[in-house]
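Each chain carries a letter (A, B, C, D, E and F) given by its place in the written order, and its residues are counted from 1.
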Amino acid sequence: MFFHRKELMVPVDVKKPDPAYAQFLLQQFGGATGELTAGLQYWVQSFHCPKVGIRDLLQDIAVEEFSHLEVVGKLIEEHTREITKGAPEVEQSPLFALRGKGPHLIDDAGVNWTAAYINEGGDVVRDLRADIAAEAGARETYEILLDRATDPGTKKVLHYLLTREIAHTKMFMKALESLGKLTEPAFGNVKPDETVNIYYHFSANGAAQRGPWNQEPEFRYIPDPEKTVMEHGELVGVGGKR
Amino acid sequence: MFFHRKELMVPVDVKKPDPAYAQFLLQQFGGATGELTAGLQYWVQSFHCPKVGIRDLLQDIAVEEFSHLEVVGKLIEEHTREITKGAPEVEQSPLFALRGKGPHLIDDAGVNWTAAYINEGGDVVRDLRADIAAEAGARETYEILLDRATDPGTKKVLHYLLTREIAHTKMFMKALESLGKLTEPAFGNVKPDETVNIYYHFSANGAAQRGPWNQEPEFRYIPDPEKTVMEHGELVGVGGKR
Amino acid sequence: MFFHRKELMVPVDVKKPDPAYAQFLLQQFGGATGELTAGLQYWVQSFHCPKVGIRDLLQDIAVEEFSHLEVVGKLIEEHTREITKGAPEVEQSPLFALRGKGPHLIDDAGVNWTAAYINEGGDVVRDLRADIAAEAGARETYEILLDRATDPGTKKVLHYLLTREIAHTKMFMKALESLGKLTEPAFGNVKPDETVNIYYHFSANGAAQRGPWNQEPEFRYIPDPEKTVMEHGELVGVGGKR
Amino acid sequence: MFFHRKELMVPVDVKKPDPAYAQFLLQQFGGATGELTAGLQYWVQSFHCPKVGIRDLLQDIAVEEFSHLEVVGKLIEEHTREITKGAPEVEQSPLFALRGKGPHLIDDAGVNWTAAYINEGGDVVRDLRADIAAEAGARETYEILLDRATDPGTKKVLHYLLTREIAHTKMFMKALESLGKLTEPAFGNVKPDETVNIYYHFSANGAAQRGPWNQEPEFRYIPDPEKTVMEHGELVGVGGKR
Amino acid sequence: MFFHRKELMVPVDVKKPDPAYAQFLLQQFGGATGELTAGLQYWVQSFHCPKVGIRDLLQDIAVEEFSHLEVVGKLIEEHTREITKGAPEVEQSPLFALRGKGPHLIDDAGVNWTAAYINEGGDVVRDLRADIAAEAGARETYEILLDRATDPGTKKVLHYLLTREIAHTKMFMKALESLGKLTEPAFGNVKPDETVNIYYHFSANGAAQRGPWNQEPEFRYIPDPEKTVMEHGELVGVGGKR
Amino acid sequence: MFFHRKELMVPVDVKKPDPAYAQFLLQQFGGATGELTAGLQYWVQSFHCPKVGIRDLLQDIAVEEFSHLEVVGKLIEEHTREITKGAPEVEQSPLFALRGKGPHLIDDAGVNWTAAYINEGGDVVRDLRADIAAEAGARETYEILLDRATDPGTKKVLHYLLTREIAHTKMFMKALESLGKLTEPAFGNVKPDETVNIYYHFSANGAAQRGPWNQEPEFRYIPDPEKTVMEHGELVGVGGKR
């Protein structure tokens, strides 16, 4: 059951409203990398999470994200509070002029939020990996928003929100680590077959780029899969010849 | 520039066509966790990737995913090859009856593929974390598909595709590790503020669930944030009092 | 700021899990008429609501709807709790088989929730009318779900949720009435022109259906607008001749 | 069966084409609150409406909305008629430059119209409430468009269209009233349970906002539901203790 | 301006209602290949069509398609008219059970109609080619629906609707022919460069498939573009060497 | 199976990066008329194409379109390569500022690519007609982009891409012609009924526009269908009286 208090998670004080900047902020309200995506993703995951401790973690963070959504909404409300007062401010953002002041569940381009942004289902490892990815997207957008912000109060709030995304990432990493899956690729009930160490170099320009992600002995590097196919009729390591 | 050969990356041999099962397979052709999502995500990321080696990695895997998409498409083609021959098979999947045999860019529920499934942009760490999440979703779906498969040829192909998702995960983890970001939460140019270690226990039931994700000394646990707000007017560690 | 307690707003007790029924319930979790639509609509409206009392009303009900969302999610979790135990249950709902147990942010047909379902912006009267419409859609779906339910615990919960939609409707009607807009069509700053009382009978079959919605003296009934156009070159009451 | 005459429902005369303004007008052509939404919503409702008179009402208004759609389309055609003549006009709206002149089925932000905007199904009361909400959204947008219009001919047409939305609202209110449902919250076949009069104050700040929407004797006000839950383990009026 | 008469364009008489079949019919009501797509596409095109005769053609057919939409809607209404009478019929289509009887603006899978289905803009040749494609999709779906129909009245109506799509195709072909563009690939103001006759054989299996679409003298066949790139560093006919 | 080489299909050399122009180019990367739409449409069609030669044609062109997609992506990468260097360039395109440099799978308005853009299924004639329409849309957009381009390198590449769309159109026309369906409206297994030659003049203004698309003896012109209905109760040529 949810409860709400009017106090914001972090105080919002906007000295100079800027509707064009408010439009940017929509990305974190109704956009792909925004707080609604994060909050709903973790919340929905919590229903099928079999681990009590991690279920609690997902709910604690989900609830915090809803409070972040409120903070971003308040920032947008403040940055659009004067849009009816005169044309110049209005012109800065036709989006708000047409839809009215305050936040809407759209991104900066006016695209409706969709649950297609959410990545979840079936396995706690999959869910936690999706959560680390969601946090990375949110942090990236906050850095860009911070970079463009000029209002000091706005910057302070965004810095706090960015910080919390890192905090959440750390929590999700700890949870994955507790399952032994932070640095272990495989999970679930199916054992990979013998092709799991093959690296196919499918995109060529004559200069092989080698790195820890395709080096022996971890990986078996196939430098020219096309040649292999043309010579053998199929790829080495697959089918009868593997 | 792309080139194509008619040989499949892994041979497909379906003994007993099953249109209802083909409908399931659509999830990996035109669904959220499917090969198109993976291939296009890595491909799009490669354009803005500043590291030559990782850019090459993204392209190698993207091209492989397009070949996986083709394999899944071929599986669907085979499982629907008889749908015009008689009513009983048709009834197993009204979706294919109406849209025709072979793969379509929809998921098992008939929902069109959308680029909203894709997570990318601006930072290679963010992109690689998104890629590990994408692979986790793909692997999860392949395990479910394997679990429901009865045709031996289909199972063999799906096992191979599942294996490759693990292989890709390993590659992405190695790439993240080479950047020092596999186990380090923070990235980018903004340093977190002093609230980065706070854990807010927002979802209560009297029994605190503690684990590595909210324990001292890594984290500062706030057991009852609401009480804190009511007593202090704001949350500890935020604003003037932090 | 949001807080959460593990207790549900209404206890959920499902004796006989039914995945096919759970799929129906998705309509109220991630569907057009569901609790997420209602909760987010009222919440977003509250940011731009200029009336303190109604802003508070919107927030009180929004928070309640989030708790309803949780209850519906719990129902779905319970009805899908056994889907991995055997094929027969699985077959009842391929949707859950593929996406995993528990709720997802999709409707019963597998379509992602979209903010296009939300109706809000700019004026409190417009918002409240949209809210009464949202409640009507939710109530309609709950009646259908109740009609199809067989599990007694499920029925009890749905009856409660349906009841609350009526309670909310009453609250919204009272709020509209306090603004003098429950039975008064016009609102806002623009006065209608002299065509406001015209009823055009555009869809003909020779038998005019008359009722309070097109009767004198409230309305001026134009029985055959096409004839009017052909005789006068334009519609009576519009342009120079109005 | 439909018929069409080239005469517009209201004459359109645009003296000074303004592509940027045309982009705004798209909101009423292919946007959420536009004429297509209204026309299709009423039309689709008419198929399942069991009351002959109201079915006719829905069709009469639906046909009128299609004619409004045509008028808005003509306004857009006129405001974009010169976009190929020179760069400056083009720059005012990249949207039309890329898609060509005249109306398109998108909103001002370029988002495709979707039937997710439509609210209908199953019950005439639900449908009529949705229609009053649709009209409120349309009227709100027309007021904003009027406020920003500078061309006299455009203003005259928009004033007419806004007026007609009020006229339709009045008709829908009369129809609801004829069913006894304009001021009565409940409808359908399910009687609410005993919690129908409870008002939960879920969003707190120490200062209860009271109004006709939460006052005795109509409503039973629960000032602190969280305290109730913590003391009783559940909410008053629900479950065994109701 | 639109007018409507209650008579259908073709009489509908359904002897044996079949909700599952009605669900199929949704594809032509709110689906990609349906009458709404066709009607709106031609209608929107008519606004920017510079040729008076073809503009009239587009409007004549658009209006007919709206009447076809009505006919399909009536078929769906009839096939779902008994869904409240008993469980067995309901079970045939959960979609209608949840959304109510009669047509909805969704396809057979429950996906909302979207204007993304529409192809139009900027040039009459492009528009007419899109229209021939739209008709081909509609005809294809009608053939499938006819093939699955068992009710004689339904079959008769579908045969008529399929016939009309062919009639429209003929009209669009005649219009394209009148512009000299039915068999001439190029249109518009830009002359193609010298690569217009090159055929690249990008998808190889050692057995070149030759036909009128890649034969000399119309086309210059490049049998192995990859080899060309590897030998010359770029493709023949492009860049300095073309 | 796919292979890739780093060489582009056509060299890209952008002298003066222009982020606002890059935003336009997105229409051909992730927009309705773009290369992804074309490539995926032909590719998906190839799976169910029963004619070996045309299947090969579809694959050859599909692979080429993927290489075009890469070229457009490279153009966007080049035009956004300096967006982090300073505010003025950034301001030219907020879209890239927020999402990062390089291409994204959205159109110029920020709308996600959707498979709803794709038209395919069931019949090779339908597919080829859809392909000619897809090429017409792509060509139209390239002409507009060319018209707005100022960078010489960009223009050269766009001219090449436009040329190739015409080349593909010619190939698809040849393929249709080989099936006897380039100028023949009907296809498939159902013979049209006797109404196939009727032209209904549904959109009237007193001045009939006649042309090859509605002239005798090819067509039977019904000048006033409404009058026919009112006199006969149904349309001539339909039902018992046809």
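The definition used in the following text is that a contact is a pair of C-beta atoms (placed from the backbone, for glycine too) under 8 Å apart; a residue touches a chain by one contact, two chains touch by 3 or more.
Since we're looking at a predicted model, the values are computed, not measured.
Under the contact definition stated at the top, the chains bordering both chain C and chain F are A, B, D, E.
Chain centre most remote from that of chain F: C (centre = mean of CA atoms).
Relative to the C-alpha centre of chain E, the farthest chain centre belongs to A. Copies chain E and chain F of the same chain sequence form an interface built mainly from equivalent positions, shared numbers / all numbers used being over half. For the two copies, chain B and chain C, the CA superposition rotation is 120 degrees, given to the nearest 5. Averaged C-alpha coordinates give centres for chain A and chain C that are 30 Å from one another.
Between chain A and chain E, the centres computed from C-alpha atoms are 37 Å apart. For chain E, the set of residues that touch two or more other chains comprises 1-5, 7, 9, 59, 63, 67, 100, 106, 109-112, 114, 116, 121-123, 140, 144, 202-203, 226, 229, 235. Taken as a contact graph, the chains fit none of the simple arrangements: neither line, ring, star nor complete graph. Those chain pairs judged to touch are A-B, A-C, A-D, A-F, B-C, B-E, B-F, C-D, C-E, D-E, D-F, E-F. Put simply, chain F touches chain E in their complex at residues 3, 5, 7, 9-11, 32, 52-57, 59-60, 62-64, 67, 114, 116-117, 119, 121-123, 125-126, 129-130, 132-134, 136-137, 139-140, 142-144, 146, 159-160, 162-164, 166-167, 169-175, 177-178, 182-183, 185-190, 192-193, 195-203, 209-214, 218-219, 226, 229-230, 233-235, 238-239. Across the interface of their complex, chain D is touched by residues 23-24, 27, 107-111, 140-141, 144, 148, 202-205, 225-226, 229, 235 of chain F. Residues 1-7, 90, 94-95, 97-98, 100, 106, 109-112 of chain A are the ones touching chain D in the complex. Residue ranges of chain D in contact with chain E, taken from their complex: 1-5, 7-9, 30, 36, 40, 44, 47-48, 59, 63, 66-67, 70, 73-74, 76-77, 99-106, 112-116, 118, 120-123.
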